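Each chain gets a letter, A, B, C and D, in the order it is written, and its residues are counted from 1.
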Amino acid sequence: MERIDKAKVAFLQEVVEREREYRHESEMASFGESGEEDQELVGIALMGAEGDVAQAGSAEQRFPLESVSKALTLALALEDVGAEALFARVGMEPSGDPYHSIATLEEGEMGIPSNPMINAGAIVTTAMIRGRDGKDRFERLRDFFRRLSANPELDYNRAMFEAEDQDLNRALFYYMRSHDVLVGSEEDLLVPYLKQTSIEMNCRELSRIAAVLANRGCDPVSGERLIGEETVRIVLTLMFTTGMYDQSGRYAVEVGMPSKSGVSGAILAVAPGRLGCGVIGPALNEHGNSVAGLRLLEALSKRWRLGVFA
Amino acid sequence: MERIDKAKVAFLQEVVEREREYRHESEMASFGESGEEDQELVGIALMGAEGDVAQAGSAEQRFPLESVSKALTLALALEDVGAEALFARVGMEPSGDPYHSIATLEEGEMGIPSNPMINAGAIVTTAMIRGRDGKDRFERLRDFFRRLSANPELDYNRAMFEAEDQDLNRALFYYMRSHDVLVGSEEDLLVPYLKQTSIEMNCRELSRIAAVLANRGCDPVSGERLIGEETVRIVLTLMFTTGMYDQSGRYAVEVGMPSKSGVSGAILAVAPGRLGCGVIGPALNEHGNSVAGLRLLEALSKRWRLGVFA
Amino acid sequence: MERIDKAKVAFLQEVVEREREYRHESEMASFGESGEEDQELVGIALMGAEGDVAQAGSAEQRFPLESVSKALTLALALEDVGAEALFARVGMEPSGDPYHSIATLEEGEMGIPSNPMINAGAIVTTAMIRGRDGKDRFERLRDFFRRLSANPELDYNRAMFEAEDQDLNRALFYYMRSHDVLVGSEEDLLVPYLKQTSIEMNCRELSRIAAVLANRGCDPVSGERLIGEETVRIVLTLMFTTGMYDQSGRYAVEVGMPSKSGVSGAILAVAPGRLGCGVIGPALNEHGNSVAGLRLLEALSKRWRLGVFA
Amino acid sequence: MERIDKAKVAFLQEVVEREREYRHESEMASFGESGEEDQELVGIALMGAEGDVAQAGSAEQRFPLESVSKALTLALALEDVGAEALFARVGMEPSGDPYHSIATLEEGEMGIPSNPMINAGAIVTTAMIRGRDGKDRFERLRDFFRRLSANPELDYNRAMFEAEDQDLNRALFYYMRSHDVLVGSEEDLLVPYLKQTSIEMNCRELSRIAAVLANRGCDPVSGERLIGEETVRIVLTLMFTTGMYDQSGRYAVEVGMPSKSGVSGAILAVAPGRLGCGVIGPALNEHGNSVAGLRLLEALSKRWRLGVFA
């Protein structure tokens, strides 16, 4: 892992500053689906060797993980049931379709989602996590997220969870259940998925989780193993090929770090063996990725050659 | 409307006899999805002018309507809300996809089913029927089916309704609700749809309903108007273009009668201005249509030139 | 067949007049793909019993048939090789896709077009017409069109044929040839297809051809048989289910006459047993159908109950 | 770059031996599309630091590159016109569809292929290579391949080029030309694509090209720069996300080396900064990838941790 030196801290400040100016000048209203969040919010944090941290902008601002959680849930499911059992029920291929697509479930093997980074795939992944029931399954997930982020208070946003329209996810759930890809109730299998997407974090915590992934699964501060090495390898690979919705291919070329984005505007980005990064920026492009996040990460990647093939 | 003369009765006996022989000789096991029903069952009934009836084979055997009910539900929905309101929420185009397809809901106008003869479309159609709640909605439908069939005892098969796996229909329901095509609960909107597919009839009753449609909406015996003329016109047109699943085009060429089939092996077939026909034959082909039903109707259509363009 | 009486003639004048006023008031520029043709042009002709004719507007204006020719080519191919041979290479199902779609060729049976009314299907249909080579094949087609229209001078518009970009049709041709649905050269198989879409007619001639189809294949004036009865039955059925591009279902409900449209703005419409109709109106809607044509035919159909199920 | 030590040489022998035994015992006939090639052929070669080579099996056997060439053509096109111009005409996203699919061209931006590793994308890529005409374009490509492989005799297999059925590629070509993605003739744009897929190599030469890519674009022997660093970065990224047909995602997880496969059974595999690898094994699985190749590369990757995230 790399040290986060003063040059890195300074560059972080610089790019966030530049991004803010850019935002003032541009038409925020033209951005996609985002709701009433503060569209001008931008935050970023890095964590490197021995837990060195750098942050800039609103790095302490809390936000729901949304799809970012899919990468972590995949990690726990792999630890719980192993790759063979997991990939009997969810594929590993990029789908070329939007993350919420139900049409892809009708192609190829009926009801088997293309990969764990689309909604249908993450529902299956969550359902495979060990647990007596939905409550237990969610609590094991939350404990895992707490260990990774070193924040024992981490929890989901109940108001948000209750307010959200879940009909599309219900449709995915019942479609897969009709094909016996899932066996169990909404309460036991779907609810834990929905809750974990509402777990809240800030950029600093996100950067710590990214640093664990960058550090082959070990806590960058204590050195304690939190995720198995083989699990990390699989998770990073799938983040690289499918982590940025239907923009994953372009992002791999332009940024090149295994990453996972969410519609809250969060991005978890990993430079394996070097550092972890967490970004927030709620304004989204048409693919559901953070506009500011993409720009910040591209700037960092280019400056420090953080891309896997750079 | 035509008289059902002795020649017709004799030909009916002849084709059913021929079909039975054929069935004995063939590999029934090779037929598609059908369950444990008596695969050798074949029945047919015709009704013509003044309620003349002819029947052959197991024409008194009761069976669930399954998708045949979609044509009747469409009729009641049109009477209740009119064509304009109905077709704002469901299309009129053949989809080229199987009846249970969810993928088509992601094309074109999001969540709008292609037509009322596929599952998604029939769920919307049922949901638009007037009613305080699901129970009321179903009862109005059942009353309508009772009037059409002249059987005041008609009801749904509760055991079958409860036993069936409804997850695929739930998936369609929630998908459409997520796009605001539907507003309401499973109980109020989906359950009446599921119940009406379980309503049981026999061929004689089916032929009476077909005769009402053939007779521009009037009871062929009493002359009483049961369905509006404009509604009949629309229902017959959609039966012709989309009534036989993804085999509708071929059936229009080879048989040419506006018809609606169900996976129970039932077919409702109409020769406008001439006669109505009900058929049962549980063995299905790969499109979900009754193998025997197709053969019987093709024979009748060819012999008596029952096709619309014959 | 019906007589074309004075009331019919008067109504024709009335609807064309109304259409013209409407056109003046509306934004013609908003209409779809049409080129530099006179967007205000409207013409219509009817032919009934014994060759009675009525016409209004620019019924003598010549235009290329474009896709209207698909219905006639299908007729000749059926006469030449029979239904069984023809439908081994082209389907009978509505596709739910635009007429120029190539994607549908990758579904179901690879390379088999859904039906003869989309481009791919019509290329196959033309290729099956008997002929030593492309020239012979086209000449037999032209002779057939000449007999049907009673115009021995009928020919294709060479300038238009040479000017048109044929790459999309070439793509369809080579895709099907790669799957052995077609065997032969562009010159022999594709060129006759392209030429026949450029054959020019006027509404009067179009109405005569429609009248032949309405009259079970016999010339309404001389009574001579020009097309076999069985061929007429199949052609009318496919016109009804697939003749109006991906608006065929709605048109069947709203107009209800077996019809075939072309992107020149022409429509051939048949009221079986009653009369034939030819319309021109170059402004197109987003499905590729004549805006004026749809409105005129709906008016006629409603006034005289010309729809098949009316 | 790594040294190719004795342990590596021994392991190579071992896995090829094991593969051969396996092949004798298995049902070769069950493998997919491959033709009359010697299905038992297996060969592999590695090249590391300073041009160290190890090889086993039929590493001198010559075979056409087929789709393997797509990666190299992409490299030359990027050098010729730059990433911006290239990616205006071809995407960077995995498509989830087979490499020969034409349907994907109808999605999203009409006529723009998903990525340069499917046929349509590689046709565009080849067309963008600088050249006065098709001959010149091909010769520049062949010269590039010759420099990379250090074999100045390299050429395409004329008999094979002439024998192959090119109708599917013609369909892709004309479809894209109809959408103005391509401007030019078959001779100038398509023929050079077809010829370069027929260029013949052996495993040793393939491993040298892989070693150039592993060595950031410099010849591992002379150190001479053959490809720009930025080009190498992009090519490796796209090989990783899209290089193994619709099995790219699984391969990234199980093998993890940026690779490109062809239906001749060849695979070019790169361990960046370490070594290059060329494999041949003509028996293909249902995705079009070499069965032996996948097994050999997985064994090597696991033994030496060659995967990018290992």
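Keep this in mind: a residue touches a chain if its C-beta (ideal position, glycine included) is under 8 Å from a C-beta of that chain, and two chains touch if they have at least 3 such contacts.
Chain labels with UniProt names: A, B, C, D = Glutaminase.
Just so it is clear, the model here is predicted, and its values are computed rather than measured.
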item	value
Farthest chain relative to subunit D (centres taken as mean CA coordinates)	B
Between subunit D and subunit B, distance of the C-alpha-averaged centres to the nearest whole Å	54
Gap in Å, rounded to a whole number, between the CA centres of subunit D and subunit C	48
Distance between the centres, which are taken as Cα means, of subunit C and subunit B, whole angstrom	32
Multi-chain contact sites of subunit D, meaning residues that touch two or more partners	none
Chain-level touch network, classified as line, ring, star, complete or other	ring
Touching pairs among all chains present in the structure	A-B, A-D, B-C, C-D
List of subunit B residues in touch with subunit C within their complex	91-97, 104, 114-115, 232-234, 236-238, 240-242, 246-250, 252-253, 256, 258, 272, 307-310
Residues of subunit C that touch subunit D when the two form their complex	101-103, 105-107, 165, 167-168, 170-175, 177-178
